[in-house]
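One chain, chain A, appears in both complexes that follow, with chain B as partner in the first and chain C in the second.
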Partner chain A sequence: MLQAYLYIAKMKLLTNLTYRFEWLTSIFTNLILMLASVFIWQAAYRGGGGAGEALSVDDMVTYSILSSTLGALFVCNVQDTIYVKMREGQIATDLYRPLPLLGGYLADDIGGMLSSILNNAIPLFLFAALFFGFPGPADPLSLALFIPSCLLSYGILWLLSALVGMVAFWVMELGNMGMVKDVILRVLSGAFVPIWFFPGPVQTVSAFLPFQYTYQTPLGIYIGRVGTYEALGDMAVQAVWIALLALLLAAVWRRAKTKTLIQGG
Partner chain B sequence: MNAVIEVKDLVKEYMIAKKGRGLRGSIRSLLMPKKTKVCAVDGISFSIAAGEIVGYIGPNGAGKSTTIKMLTGILHPTSGSVRVCGISPQEDRKAVVGKLGVVFGQRTQLYWDLRLGESFELLRRIYQIDKAAYEASLAVLSDVLKLDEFIDTPVRQLSLGQRMRGDLAAAMLHEPSVLFLDEPTIGLDADAKHAIRGFIKEMNRERGLTVILTTHDLDDVEQLCSRLVVVNHGRVVEDGPIDAIIAKLTPHRLLVAELERPCEDLDLDHPAATIVRQEGLKVWYQFEKSRITAAELIADLSGKLPIRDLSVKEPDIEDAIREVYKTT
Partner chain C sequence: MIATLRHYLSVASCFARLAVQRQLEYPLFLVSWLLMIPTSYFTGIWMLRVIVERFQPLGGWDFPELTFLYGLGLISHGILVVFFINTWSIDRKVINGEFDRLLLRPMNVFFQLVASYVNFIGLIDCIPGIVIFAYGCYLTGFEWTAAAIAKLILVLLGGVLIRAALFIALGSIAFWTKRNGAVVGFAVITLERTTMYPLSLYPYALQSLLTFLIPIGFISFYPAAEFLGLDDGGLELPLSFALWTPAVGIVSFFLAHGLFRLGMRKYESAGS
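Let's turn to the complex of A and B:
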């Protein structure tokens, strides 16, 4: 079974490496997004707003660069995969195999993530280092905590994506639902604007939602905004969210299986 | 003979939201969708023995695909039971799909961007086939399907015929005991069709493979199947050997006689046959096998008519099927 998952990941990696043009365009768009967010923050800090009290401009630039890199790295295609496969009835061919469907899609996304490291994350990080200086971690311990925290982040992101994708088993037109989730995630994850800059009540509500634990948590650890104990606490919250979302996904999947409607044929 | 597939009183109902017409209708169905119950499969029963090749046919929307989906465990029946190799696909889908091969003519399970061999390697790991068994299985399949020519080509560059051969091989790698084929020859040229039919026959003969074939191509049915299960409106309307179904549904045969000269002054009629068509010098007689033999009719007619040429047409599967669809 593990061998099958590994092979799926490998095939995804191979597939992604065959599309060189797509790779170049994706680096290019990611680079533009990264530059834009860094420039916006630099401008904001020059304006002398209250932002400086929460974070220094250098920390903010590091935060933005890392955030763009993680954005390129965290491949969660599962939502679209389920949606497209349901729409076209292709999901049937996956269901005919004695391999758990979601496990297969996770392996596929992990393959995508591996190719993204080569294709996207490394070039992006190098570009950023050239433009703005090397965006290093606050200290070695931060880096050591950052990496497992990123893995937990990916778990949350993937489970959210799979849950939204599952909706396609009931509603064929998933389009909006996926978009709504993506927008909420973009705002409330702190991927662009950290939640620290939001009004107090929003911060309080956000603390009880899974979103800020996807980007803000590992990034805060990296730039040293949170101390070691706080970081471990945040990672525990991440783990709790993973457990909750995984249970929810398992329950939804159990119901989806008896509900399967395959288009066409 | 032991039954590989047993289907009893299978029913599948869907709730389908009816969309209203026009803007007003769309808004209404958005706010309060009107749902109607559709019975796609309405009490189907049959059983298939090991080593049979069965044509499962019916017009579009007859409930064929729905039945197949329940047999393979991806749909749950509303009521009734399904057993594949003695196991319920709904209760233990994994165990059942390990014994099944499925090929859709209109879909592929191969990885579009990678060489064909990669898809096979993945399947080897998914079905946990050990290396030696895989090599042996692939060698046999390559031999029959001539996979060597294109096993290193990316799937997207394959012709439809090659892709279909690839899909068949992919479905057979784990040596399933049952193969479901859904329109396997759709869109293929005569050569490719021939190759695929040959492969199915060979696997049936060599491995005792049980095959269930849904198709609209009646040549497939005639060349492959010994038995037909015909469904319409979610029910089995015919189940039996092909010859028996043809004989039962189309008792008529045709005799086409071509005369030597125009026939204004001739008495063409025969008491045991009816003239169904007349065109120039040609006359079509329809007669029933049970009332008169072809030989007798020919003897009678050539006794009184100047006949240049004669031919007898047997009703074929197509006539029979059209008859089924018409009457049910």
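Let's turn to the complex of A and C:
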């Protein structure tokens, strides 16, 4: 069973490495996004701006670089996969396979993520180190907490993506709702502007939503904005969200299976 | 001459009608775009507001001016997406041999490529563009005199031509390389970060590159800086950008068109 998943992940890794031209362009796209946010933060702090802030400009540069790197790393294609396969009717062949459908898609995304480490995240991080100096963690303990927190983040992101993808089982005509989720995520995850900088009411509402626990939580740990205990607390919240979303996904999936409509023939 | 022009116009309007009808065939399909695109741009400008309110104006650009620039850049993006969307998929047309069909018709191939698809959905990009720009005008106290409106139209026209030239040139590379789909995504993102955010945020090397080599700065940044009387990073040209932008637009459009024609000679149709 595990071998089957490993095979899917390996095949994804190999396909991604084949398209070299796409690979270069995607590095440059991520680089532009990273440069733009770093330069915006530098302008915001220039000449004594943000003097009263707890975070320095270097903290925000590190935050932006790591955020872009994570953005390149967290591959969650499941929403698009489900949408496209439903539209084209290919979901039928995937359901034949002696593997749970979602498990297969997760393996596919993990393969995508592994290849991203090599061909996206590392080059991007090196570029950033070259331009702006090495964006190191606040201290070794921050790094030690950052890594598990990132894994939890990926869990939340993937489950959200799969849940939104499930919408296609009911209403295919509305187009890909994953795009809408991605826009909301881009703002409320704190990937560009951390939620700490938003007005108070936004922060309060956001604390009860899963989004800020995807980017802001691990990044805040990395730059040392939160202490060890607070970091552990945040990670506990991440785990709770994973449990909730997983339960929800299981319930939705049970219903979706009976709703499956195979297009074409 | 006039007869030819009229013929081309009638074909273009016929194409446009067909394209719009085709897209309205499945109206619900637009729902996700209709939710996604405005949310994306409204939250984009909101995040800039959060930054300048908490910190300081970005290189002299405060929220009203940023809104003005963001809106101006977005409108010209929206117009491009309506009229020139086919330039985004030249590589696919090269690989699939779709130019065969256009070559068989007794009409200019480039005209057919551009005119054959009026992207009605692109209007969804124009809506937040107009709303944000109008709000920016209100906040900055932009005066709607006849001269200002004429300047604005010239700038938009020139900006759309520069954008179109860029995508035509990038697309034409596909005649040689056969694939460059990902480059379009790269160009879209780069344009968004350089026409809707002040160019003066970036280092001098990048500013010069985006002014003299790839004239992206002319699309919205320099004109907006002139309209608002703000620091544009030190580029000084005689006369108004309302003249420079269309001039640069026309020149780059012709250059890109030349590259496209050169590429067409390399076109070898698709196998089997």
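Basically, the second predicted complex is superposed on the first by the 256 of 265 C-alpha atoms of A that agree within 3 Å, B and C clash if a C-alpha of one lies under 4 Å from a C-alpha of the other, contacts with A are read in each partner's own complex, and residues count from 1 in each chain.
We adopt the following convention: contacts are C-beta pairs under 8 Å (C-beta built on N, C-alpha and C of every residue); 3 or more make two chains touch, one makes a residue touch a chain.
Keep in mind it's a predicted model, so treat the numbers as computed, not measured.
Three-chain overlay on chain A, with chain B and chain C fitting side by side and no clash. Judged by the touch definition given at the top, the superposed model places A:I8 against chain B, while chain C stays out of reach. Of the two partner chains placed by superposition, only chain B is touched by A:T93; chain C is not.
Contact with chain C, but none with chain B, is seen for A:F197 once the two complexes are overlaid on the shared chain. Measured by the number of chain A residues touched, the leading partner among chain B and chain C is C.
Once the two complexes are overlaid on the shared chain, A:L209 sits clear of chain B and of chain C alike. Legend: residue contacts after superposition of the two complexes on their common chain; A:A36 is shown touching chain C, with no touch to chain B.
Shared-chain residue A:S26: touches chain C; no touch with chain B. Applying the stated contact rule after C-alpha superposition, one finds that A:V183 touches chain C and leaves chain B untouched. After superposing the two complexes on their shared chain, the closest approach between C-alpha atoms of chain B and chain C is 7 Å. Residue ranges of chain C in contact with chain A, taken from their complex: 26, 28-33, 35-36, 39-40, 43, 46-47, 50-52, 54-56, 58-59, 177, 179-183, 185-186, 189-190, 193, 197, 201-203. By the touch rule above, chain A contacts chain C in their complex via residues 21-22, 25-26, 28-29, 32-33, 35-36, 39-40, 42-47, 49-50, 53, 173-177, 179-180, 182-184, 186-187, 192-193, 197-199.
Residues 14, 65, 69, 72-76, 93-95, 97-98, 100, 102, 104, 106-109, 111, 113-114, 118, 121-123, 125-128, 182 of chain B touch chain A in their complex.
Chain A makes touch with chain B in their complex at residues 1, 3-4, 6-8, 11, 14-15, 18-19, 89-90, 92-93, 95-99, 258, 260-262, 265.
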